[in-house]
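Several structures are given next for inspection.
Next, two complexes with chain A in common: one pairs it with chain B, the other with chain C.
Right, the complex of A and B next:
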């Protein structure tokens, strides 16, 4: 008789995830699946609502990354109403976005990921959390908490409360930034960048130096990647074109508005969650672990694989070192953590770059927008990957159709492959203990679902 | 996509040291009390307020008024799905 072992909830990832490991009579892994409770119903819920409400509503419902949804929705509705925000509007929106990335990356790396590596997968769960880290590295832990607070304070200073963002409005941004706010933010931005560089040095020495071959092989699969770049192939979070990379490194690019021609959505019979695959490769979709088809990944590692370079100097130097060591595309699932810290450095450098752009304090932050019939796609790179909002409006500017693809939706297929690979590599003759289950979870945690 | 369901704080514990004894909020879900760490929250909640939880950490604190507004949005969304014969966030 076969046996099913469930890990639920997956302790340090999204609370509604479950991993099922199916064992055959001999105790070998026959299958392993990750189930994630997805939000359904938002697309139906918004039909009939005035489009300009959507950026405010979505940030209340998708409260894990409210800024990302707020901005993707605002960009989509700009396009429905054919409104082009002035330069200051875009710069202020992007500043909000990169500050939200800083907050998220500090949380994920230091609170969720680092304890696995610093304290070992074998320790009990309570000891492996940030508390364990705090006992070993009290100064670092205190600085992590301070820097997370600094990022949040900076965001609230010019954009209002970060809980339910309302600062991005159709056509631009709600209010201009003052020179006094700008000077304050510059000092804070420099402190964040200094911390990000120290954090990466620390991680390289204390965390990544411990990556051994079996760590790098954990849950590793060969897939394609999707991310956003500008016209010169530089990494972008806020705007740009989508670049899809095949497992062999060949790339194609498309505008976010054309996503449905390059990506396809489907629901597998065993899961309620939508999955996405690369329609453009004309090979269909398969989660066969030996020969997956159409599977690509999004998120930190994907973005660093698809970009040619990063336009800020510290992050670019780190990318070059990363690429020299792991190649391009790098397939190691746990390398997503390393990529996350390189992106933290980029986000902090980008904060300073945006603040150095004189246009950011221009008083004209918004272009008037009139409700009208149209279709608009808005996308941003969220911490968890490419986020796409797609709306159609009627003559009164009310929503008639909505479709969302969030980061984790792209990653459900590859996460399933990673779980299967990790379980097959670790489980022998049906023997499963807490350390082994945590190692399987680590393969999922790297995706930050 | 992940639903940020606000959870009401029923008690607060710890807090004698920011790093070594950080404050923890107890929230109740389906009759089970869970301890939620507060280091990453934007501000400390008071008992009765709500928190949004990601991976075992409270990432935001909501006043009762804010949380009730969000919960009402989610209830209306769920009601709409029920009409379509689906359930939000169902895991098979």
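Right, the complex of A and C next:
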């Protein structure tokens, strides 16, 4: 006779999920599973649509990272139609992408995750929120809210829509940047970078420096990692090659278009979410907590593990300090929060770097495209991890097939392992209270699903 | 004001993407002001209020003066959650176009659930087999007013941040929120001459305009021959200013839904094209004129069409 304890819904995450903890007769954790239930059907209903419309349809996969889907699709459709955007087209797309990373990272750390650390994992749930944080530290909360809004407003002023964007188009971008817009964005970008550095200093002092061994062990598992780097091994969000790292740190690289040779998708009988595993390792797939096979992670920690360095100075200094302390690859699940704020600094530095590239105000932003039959894969690094869109078009340039691997899908398998590890470490003989359940959720929250 | 004395706000998301919630969080200082005036009692994105121990049998939701529901309804679980929200909230707001008209996810209504499951989980790949129990899904994606009584419709994909706060503030003051009833075109400053192209083309090259000039000097995109849903889409996306997609020099695709709530964007657009002498046969994908409003039985699988 077993008992199942459910956490429903998992909260302060960016979607719908449930955790089931299975206890045996002795009250020990026999299994623990994360269920993410969703049948949206995007791979079905994009079929038949003109391919150039896809970037503004699939953005609705996620209202938190719509730019990522918008851009992965635009890059994929470029490839379907063999349309090569001019340099300014790519620069403007990447600018929007890194700005979108900025708001997302502020949201996740301060609105969703930080209440656990700053207000305590135990105690009244109603106080453990961004609203509670606003009462405890009103100046910090006000700055967080305003800086997130600033990033979103910069996007809207330049690109029209910030949520469910429309400005990336097959062949490039829909409008060039004016000099006035450039100056406006530079001022905003500098304000965001200043804030990002303060935010990281604050979090290091108030949160990360206080991580105890228990925190670093919460939901920690030994897995491989996947992320994107350029030809020199620098961290990249917008383009580059995919680098897959084994748990021992050995790496291999592949082009996004070859993803199906290196990664494989499957469905476990008990799960409604697809899982992805490393086909390239030739060890199959197993969620056995003692000996997982084929499991890798994506997201902030994964990207910082796979890259050799970051090409912007402040983020690079932070990466060096992080790596000196935790090694490479770092496996601690909660370290994803630290990595997230290092990436926030990188994203802000990258905003200014892109704006300093004289080509970004070139008026030629789009190469006209012709519909044709083809297949195109597009990928970007989304806040939640590597995002791959794969489309096939017919002679009229309409979609005949689509396959989408979103960031969270890669992380379904490791999140299940982390939930089980956290539950097994915390639950002793069936003694379960609200704080313990929240700590199990914290292992999931670190992945930002 | 103590937490107990404040009006209570309850928020749920159904067949949704979190974009509406992001818009609410984009309100900046007005968000901070709002948080001082209400007590949030349920909001899975931001707070740890759970459904209680009755998982499967129902949901335990706190009572609230105002309830916001984003997303349409696509599963039995979402339907049960929606009904509980209706019972527990005095004023229920359909928050965003998915809730009011189905939104993008209702494009799925052109296929049956079984067809969609077979496409998303293609068994012929061997390694992907369906783990879904098809019976947990409704036959199609519904707008929430097809299932429960709705007090206020706040369309938008997503609604404009200041509009969201304005609606909540009006409800708190006991007033009827004022939302625009004008179309996107009536908010659009581009130049219309009445003598446009007689056909529409796909958006494969950018519109013609001088990027150094203000948007008011650009020719109407529909008159340039680009399919633009402005005439049949309710406005408000740009606040009092230029609609957002037009600011990006990109044609409207109808994301706020029809001008009249019960309108049909497909029929309305074909009428608008006909009255301007534009040949609709050039439209590659006519059913996508219902891209954001395919609930209410408007989008159906081919075998169910008349």
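One rule holds in what follows: the second predicted complex is superposed on the first by the 441 of 449 C-alpha atoms of A that agree within 3 Å, B and C clash if a C-alpha of one lies under 4 Å from a C-alpha of the other, contacts with A are read in each partner's own complex, and residues count from 1 in each chain.
Throughout what follows, a contact is a pair of C-beta atoms (placed from the backbone, for glycine too) under 8 Å apart; a residue touches a chain by one contact, two chains touch by 3 or more.
This structure is a prediction, so every number in the text was calculated from the model and none was measured.
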Simultaneous placement of chain C and chain B on chain A, clash or fit: clash
Partner chain in contact with A:148 - chain B first, chain C second, else both or neither: both
Contacts of A:134 with chain B and chain C, given as first, second, both or neither: both
Contacts of A:60 with chain B and chain C, given as first, second, both or neither: both
Partner chain in contact with A:35 - chain B first, chain C second, else both or neither: first
Contacts of A:408 with chain B and chain C, given as first, second, both or neither: first
Partner chain(s) touched by A:48 [first = chain B, second = chain C, both, neither]: second
Touched partner set for A:267, first chain B, second chain C, both or neither: second
Contacts of A:368 with chain B and chain C, given as first, second, both or neither: second
Which of chain B and chain C A:175 touches, first, second, both or neither: second
Larger contact residue set on chain A - chain B or chain C: C
Common interface residues of chain A - those touching chain B in one complex and chain C in the other: 11-16, 18, 37, 39-41, 44-45, 57, 60-64, 66, 107, 111-112, 129-131, 134, 141-142, 145, 148, 152, 162-164, 270-272
Chain C contact footprint on chain A (complex, rising order): 6-9, 11-16, 18, 37, 39-41, 43-45, 47-50, 52-53, 56-57, 60-64, 66, 107, 111-112, 125-126, 128-131, 134, 141-142, 145-146, 148-149, 152-153, 156, 159-167, 169-171, 174-176, 178, 264-272, 274, 363, 365-366, 368-371, 396-398, 438, 441
Complex contacts: residues of chain B adjacent to chain A: 1-4, 6, 18-20, 22, 37, 39-40, 42, 52-57, 59-62, 66, 69-70, 73-74, 76-78, 80-81, 84, 86, 88-92
Complex contact set, residues of chain A against chain B: 11-16, 18, 35-42, 44-45, 57, 60-64, 66, 107, 111-112, 129-131, 134-135, 138, 141-142, 145, 148, 152, 162-164, 270-272, 404, 406, 408-409, 449
Touch list for chain C against partner chain A, complex: 3, 13, 15-23, 25-29, 31-32, 35, 40-41, 44-51, 55, 74-75, 77, 103-105, 107-108, 110-111, 113, 115-117, 119-121, 125, 127-132, 137, 157-158, 202-207, 211-212, 237, 244-250, 253, 255, 284-285, 288, 291
